[in-house]
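In this document, chain identifiers A, B, C, D and E correspond to the written order of the chains, with residue numbering beginning at 1 in each.
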Amino acid sequence: MGTFITFPELLLWLPLLAGIICFFVKTETAAKAVAFGGSLVVLGVALSSLCYTDAKFLTYNAVNYIWLKELGTGFYVSLDGAGRILTLLTAVAFPIIFLTTYKNSYKNAGAFFGLMLLTQCGLMGVFVAKDALVFYFFWELALIPVYFLCSRWGGEKRIQATFKFFVYTFLGSLLMLTGIIYVYLHTGPRISEGVVVALHSFSLQAFYSATLSAVEQGWLFWLFFIAFAIKMPIFPFHTWQPDAYDQSPTATTMVLSGIMVKMGLFGVIKWLIPIFPLAVPKFANAVMILSVIGIIYASCIAMVQDNLKKLVAYSSIAHIGLMCAAIFAMNELSLQGIMIQMFSHGINIIGLWVVIELIEQQTGVKKMSELGGVAHKAPVLTIMLIIIAFANIALPLTNAFVGEFMMFAGIYQHSIWMAAVAGLSIILAAVYTLNMIQKVFYGNTNHTTEKINDISFAQKLGLALIVVMIFAFGVYPQPMIDLAKEAVNGLAIK
Amino acid sequence: MDIKAYIALSLTLFSIGIVGVLTRRNAIIVFMCVEVMLNAVNLLLVAFSNMHAASATAKALPTFASDAQIFVFFIMIVAAAEVSVGLSIIVMLYRNTHSIDVNFLNRLKN
Amino acid sequence: MGIITISFILLSIMAIASGIMMILSKNPVNSILWLIVLFFAISGHYILLNAQFLAIVNIIVYAGAIMVLFLFVVMLMNLNAESEPVKNKRLQFIAIISGGSLLLVLLSAVMSIKDMHPVMVAGGNAGLIKTLGKVLFTDYVLPFEISSVLFLSAMVGAVVIGKKD
Amino acid sequence: MNAILFSAIWGVIMMFSGVFIKSKTTPKYLAIAGIILLFIVNALELNVFNTGSLHFEIDTKEMLNIKSSNLAFLAVVFASTLLFFLLNGRDVEKVGEHVGEYFALIFFVLCGVSIVATYNTLLLLFLGVEIMSIPLYILTGSDKRNLKSNEASLKYFLMGAFSTGIMLMGIAFIYGGNPNGSFFINNIQMGEGTMPVMMAVGLVFMMIALSFKVSAAPFHFWTPDVYDGAPTVFTSFMSTIVKVAGFFAFVRLFENSFGKVHEQWQNLIVFITVATLLIGNITAVFQQSVKRMLAYSSIAQAGFMMLAVFALNDRAQEGLLLYSAAYSIATIGIFAVLVKMKDYTIEGFNGFSKSQPLLALCTTIFLLSLTGIPLTAGFQSKFFMLMAAAEIAGKFWLIIVAVLFAAISAYFYFRVIQAMYFKEASDTVIEESDITTGFKITLAICAVLIIAIGIYPELVVGWMYH
Amino acid sequence: MNNVLQIVWLIPFLPLVGFLITGLMRNNLSKSAAGFIASAAILGSFALSVFVFFQVKTGNTHVAYYFDLFRINTLTVAFDFKIDQLSSLFLLIITGVGFLIHVYSTSYMHDEDSKDFSKYFSYLNLFVFSMLLLVMGGNYVIMFFGWEGVGLCSYLLIGYWFKNNDYTNAAKKAFIMNRIGDLGFLLGLFWLISIVGTVSYDEVFSAVNLAKLSTADVTGITLLFFVGACGKSAQIPLYTWLPDAMAGPTPVSALIHAATMVTAGIYMIARSNILYTMAPATQNVVAIIGLSTAIVAATIAIKQNDIKKVLAYSTVSQLGYMFLGLGVGAYTGAVFHVMTHAFFKALLFLGAGSVIHAMGGEQDMRNMGGLKKYMSITNMTFLLGCIAIAGMPPFSGFFSKDEILAGAFAKNPLLWGIGVVGAMMTAFYMFRLYAMTFLGKFRGTHEQEHHLHESPKAITFPLIVLAILAVVGGWIGIPEIFLHGGHKLEAFLEPVFAQSNAIAAKHEISHNTEFLIMGVSVLLSLLSLLFGLKIFSNYKKENEVPATGFATVLENKWYVDELYNKIITQPLRTLSIFFNYTVEKKGIDGFVNGTGKFVNYGSRQLRWLQSGQVGAYILLMVIGMLVLFIIQLFIKN
């Protein structure tokens, strides 16, 4: 059956369209309306696409246009497995972000929301691309708007911070580009309708079946991995992140920490492990060790952070490290775990940012030592925060638990010691989270927190949504698991 | 007569030209050194043309060896054109700064 | 050791010597004169190589026209000999070293070549005016026309630059 | 052929217009008409309209080699020149008295470009290069009262003459080196097997001379000074069109004459490429004047274009064509904005986005393109170059080096973007009067072109296969 | 009547509902309403538990499956409840004691303003809910749900008065120490999964799966589980949080930190008894840790003056006894002691609460004394509690403790000996406590004396109930030697421990030895009891001598907190700061920024090549030419 337009296309073009409209909208409220409406529509599309996951609806979920014919690349996008989960996350996250930051006012709002939606488009593209070149395009496209968002609307040290972030990631992606080219030159010919249209092909399948010797795979692995590692970020490549999170406008920080870091994980899952089957077992341990070091290292630093935002940033590094380790454990448990965790972590950390944003907005400080006693003034906020925070440290019945449980179990099956060391993060996470709660919310109020008042309806609504999701996926994660099944089976079969 | 002798000669003249360009500071003389280089080339070309004239293909078509000499002729044309332009530039510079010392030309640097 | 060899050697010495003198002489006028000597030497070579046309053109165009032009300009600016202060010795030294080594490199490379055709000196009508003329206006008519563009641009340029305004 | 003819003729026409037309503004329109004409006749010869290739039947004795790829290149050149005229016509008038002559010289340069694009013998290469260079010496010095301009002109001239000497020496050796005793570039070609020494010597001389023309390190030293000293409009012209023409000549010569013995001289190109990338990118980082920064950036871009010489395959041909378009359009656009600036330093751009949002946006797109961000032509061209280079076995590290430097290049391009968007303006950065609607539209068109090519490079590459 | 087992989900569900109502509507619920709803919820589930209990008593156990928590090819975790003898017994204890404490709280917490009041009750309900999950869960994951849930609730309740920094610190400490245990528990769980690939009790304990476990496996797993138990049940080395946890409201201490939560560890081990029986090494570890905890805690308790602290340490030491029981394989005894301890320790705490309430928040025993004549009921019940815990026959404590000691003796007389010493100390400090509080003359301030009064009904009622239980609670486990078939509990729990009993080495001890050891322990305890009573019955603040030597060590709780601070907290902090400032800022980030700086520097240097001198330029070009020629002509590639 022929389809007029497919889900992936909708997911790409709708945000783009809305974004472009935003650029031409003059008033702030209108821009907000357009952005929020657009994101809602996208969410609708994403949700409705869930009804068509079955293989027989392939024509709704995949499309492939000829693009650069003699290069053997096509505009090939499709929704499946991990991509589906992450597109869903992206679609869910943006309305929440817009909702919770609804009160903030930006100068030149049209541009702001336009760029936000462009980012969404880019992210969607990354998650649905099935062609290396398309993937790379969107990979960068997601980066550029974020760069402008951060360095235009960010904090006082924004320019340096964001530029560091930009150069870092740009370098990484360029290395990946060289890798892509090399792999491309070792792929088979691209054949459409039985005729060879190009000597090589950029399509994902072609990459999977590229003929590469073990040695080549070895260094190519690192070319790709560094790009992803910087994005995630993994231990030695992470220093851009705390500054960037600290300096960006919160809405952008949410995108960065909630969704963008998933690009790296997604890349590893879809564009690294299957392409270099020979290299992965060789380097899995090295990567896992890096990740585990990162987990402990970041947790430790988080314990002594006084800056709320940086604390969350480092905790995020720790979580991502765990996920990365889980990927390379390469067994069904761990992979399923990460699939869920990618979603849960996105939701939870966005929730955290919402709360922090509220506090910083009202008090103007993000130093924990200057805060305290918020719980008296804003009980609802406190309760929400406590729920989200405990979800973030994976308490049972919250969404993060199942994911982390599976990941740890998976890592354990790969290596007992790594699981044990990584497990320390369970304790450390508790330490810094409770510290945060105690310093910010408990104790007596002081002059900064006196004037704080409880959250507005919009924010309450947004947070409530998050909390609902936290419990829903905490009690019954099975749907999410089924969503990721085929992707996992695809990977875990070794 | 061995061709190597001519090669050696023209290379020597050529390097003399280069050394002149490097060592002199008077724009005109620098330019003259360039002319020396050109002449070295001309000499070499003519020599080569005669060398090829001895070869088998030359027997086939009589004008074969002329190519190089025509080339030399064009080199002279270009040289003439360059000289006219170059000298006019030098004159212009001399008008503005009463010097044609290339070492004083360092407003543009780094 | 025939007459040709002798004359070749003489002319070569003359050329090189005048070239060196040209570089060394402080006074621009002198260097120009030395350059003219160099040109004559080269014309001599042309004759030796039986390229009369080029020999003549060389004398007329170079030694005649161009050098006179140079002379005019130098006179016009009447740069007296001492106008040029000596360049710092170290740089000159480096310059000479590098130039010399370049020469050495090239020579050592080229001189190692085996079996090359000797230059056919006497005879051959390649260099005769008649031949060249014919070739120039038949095979080489396109470059010839194109060179007119070159001259035009040079002319325009000279006007644009030289014209007082 | 048409291109050479008409550019020469139109040069003469412009020359006379300078004499007979007193109004300063008219020559501009004349020039625009001329360039459009050029484009059309070239297109006719390229047979874009499938009316059969229309051109003058002149027996060039195989001295010209008219084939679609060359003509496609010329089409790109003329198109970018058209944009250049449209954007900078009014600024050319500001340079000095002899507006007509300036345009005439530009047309002569175009004639030279057409020659180097189609030459088939070293003689025409030599003549073409000279015809390109000599008017440029003039144009560089055309701002006569300005000492910098004079200095630049003289420097350019002296070094140019020097490089001419080098090139001629190369030609001489090549001529002596090959037994066919021919100047035709395809006859120079003599099978695989090690080159005779004289050939090798000639090859190196030629390489040096051409590297000088395209300002590749270590023969780039004239570039920053000359580009900086020359009147900005002409800097824009020679840093784009003339440079890419140089590259086209470079590639054609080495492909036709030395393609078969590629491996024997690749190392030299690798050396030059790395040096160029290094010098260009690193030195640009510290520049304070945007004009000079762009000069260095042109060196940096040259480093990338050298990859085409390094690869010498079909992909490289396409890549070079693409690069010419992308690089020329973007650079011309930036220079067009730069000319309007009161202050050429990077601080001069502070707060530009507030006063001139559209211009700022376009400039940003151009800079992104030069950086090589996807969706811009700059990315596609760099990508093609990398692809081409990657096909050469055993030198993959060169590509990695190249992208590392590309990452560094972001450093200095983005400084301008930061200035435009994230810094507050001290005072008015630009005199509004210069910014006509037409200018804005043209600039926007450039930006759109950049994006369009970035999305669908066939727009340019397609011409090669007409 | 089978339908009760169909609706067991109601048992945890009711408290959950109570939690949601009291929690979400806390702003517009009156105190009485909140208290009523919360208590009613618990009462409901208590009633259900009773039904369930009798259902189970008739022998039909049941696993109620609801849905799959998650299901993948290699592992399926179901959300199901296992109702058997063990869990039903715990259900009774939890809901029963829980209900009484709810009732107690309605009066005890009455001074809180209504919002916090209902917050408190919502927490309590949440706790009961989690505790029920813990004991009802049909697999280790559900157990872990409850396991973490009770940890969370204790965190929230300890930090209930969150204005006070020390309290929140205590809460933090409790949660983190629990987390340490949880890590052990999880690792054990992962180990189990990696071997048997399932977590449900029935499958794990099935013969086929047990066969898969090598001795090393089972030892490792059980040890890791035991680490978890240490965290939850406050055993060495993770016991220090429990005394601090007394920061919470007294009823909380009674419910969570005496009666129920802290016994989760015992429940877990009892639940997986077969694994432990299969790992004798672990059993020894458990026994030794348990015993030493019992002793150490008892020694500390002797020198405490805060009434709640004393009770806290006594709890720790009693828990030690339970672990001793588990360690020596007297599972029934351990569970038995859990039950009796729940009764009398809850009683004692609530009594202490009543006292504190009367004293207007005063907790220092040195300022009490002579309360006997002011609050008779409290005094009476408290005395009963003390006798019970001191293990005087025929009070409940006697039977349970004695069974454990008997088991210990059977295993190794030395264990028994030390155990008896501990029992003596118990008797001593308990009666020290009693005497200092109720006997002698009042030592408090005047307005305190003026306010002294017996507590209201809502407080005394639970005391009385619990007192009765504390007295008679032990009679369901009368040893064979007194009354044939007297040990109803053993018979009842038999199916749970059947597997263990099957393989465990049975060492019977003859009746007269049993009489002997019984008599000895009772006698010694009695002596120390009287001794303590005698010394402290007329205690005077004035003749309190500053502690010296060993006494100071005891007063400072063996300096354990300081030790932990030195060897763990401080180094970790130092390390973190080192990471943050040295490695992160100077090291990695320094390197990153360094590259940037390096490029800048290189740029500044390279600029000098561009000297502006034509001569220099051409010179450089010539040198470049030289290089190229040399490469081309003389370097063969």
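Everything that follows uses one rule, which is that a residue touches a chain if its C-beta (ideal position, glycine included) is under 8 Å from a C-beta of that chain, and two chains touch if they have at least 3 such contacts.
In this text the structure is predicted, and so the values were computed from the model without any measurement.
Q: Going only through chains that touch each other, what is the minimum step count from chain A to chain B?
A: The fewest steps needed to get from chain A to chain B is 2.
Q: Have a look and report which chain pair racks up the highest count of C-beta pairs in contact.
A: Maximum number of inter-chain contact pairs occurs for B-C.
Q: Looking at C-alpha means, what's the farthest chain from chain D?
A: Of all chains, E has its centre farthest from that of chain D.
Q: If I average the Cα coordinates per chain and compare with the overall Cα mean, which chain comes out closest?
A: Looking at where each chain's C-alpha mean falls, the closest to the middle is A.
Q: Where the centres are mean C-alpha positions, what is the separation of chain A from chain D, in Å?
A: That pair's centroid distance is 42 Å.
Q: Distance from the CA centroid of chain C to that of chain D, rounded to the nearest Å?
A: Spacing between the chain centres: roughly 32 Å.
Q: At what distance in angstrom does the C-alpha mean of chain E lie from that of chain B?
A: Computed from C-alpha means, the inter-chain centre distance equals 98 Å.
Q: Would you mind pulling out the distance in Å between where the CA atoms of chain D average out and where those of chain E do?
A: 78
Q: Name the residues of chain C that each touch 2 or more other chains.
A: Touching at least two other chains: 87, 95, 98-99, 102, 106, 109-110, 113, 139-140, 143, 147, 150, 153-154, 157, 161.
Q: Which positions in chain A touch two or more other chains at once?
A: 167
Q: Touching two or more other chains, which residues of chain E qualify?
A: Where chain E meets two or more other chains at a single residue, that happens at 596, 607, 610, 612, 614-616, 618-619, 622-623, 625, 629, 633.
Q: Could you list each pair of chains that touch, in label order?
A: Chain pairs that touch: A-D, A-E, B-C, B-D, B-E, C-D, C-E, D-E.
Q: Which bits of chain B are touching chain C when the two form their complex?
A: That would be residues 1-9, 11-20, 22-26, 28-29, 32-33, 35-36, 39, 42-43, 46-47, 49-55, 58, 62-67, 69-70, 72-74, 76-85, 87-92, 94, 100-101, 103 of chain B.
Q: In the complex formed with chain B, which residues of chain C make contact?
A: Answer in residue numbers: 4-5, 8, 12, 15-16, 19-20, 22-23, 28, 31-32, 35, 38-39, 42, 45-46, 49-51, 53-54, 57-58, 61-62, 65-66, 69-70, 73-74, 76-77, 79, 84, 87, 92, 95-96, 98-100, 102-103, 106-107, 110-111, 113, 116-121, 124-127, 131-132, 134-136, 139-140, 143, 147, 150-151, 153-155, 157-158, 161-162.
Q: Under the touch definition given earlier, write down the residues of chain E that touch chain B in their complex.
A: 607-608, 610-615, 618-619, 622
Q: In their complex, what parts of chain C are in touch with chain E?
A: Those in contact with chain E are residues 87, 91, 94-95, 98-99, 101-102, 105-106, 109.
Q: Could you list, by residue number, the parts of chain A that touch chain E in their complex?
A: 164, 167-168, 236, 238-240, 297, 300-301, 303-305, 331-333, 336, 373, 375, 390, 395-397, 402, 405-406, 408-409, 412-413, 416, 419-420, 423-424, 426-427, 430-431, 434-435, 438, 441-444, 475-478, 481, 485, 488-489
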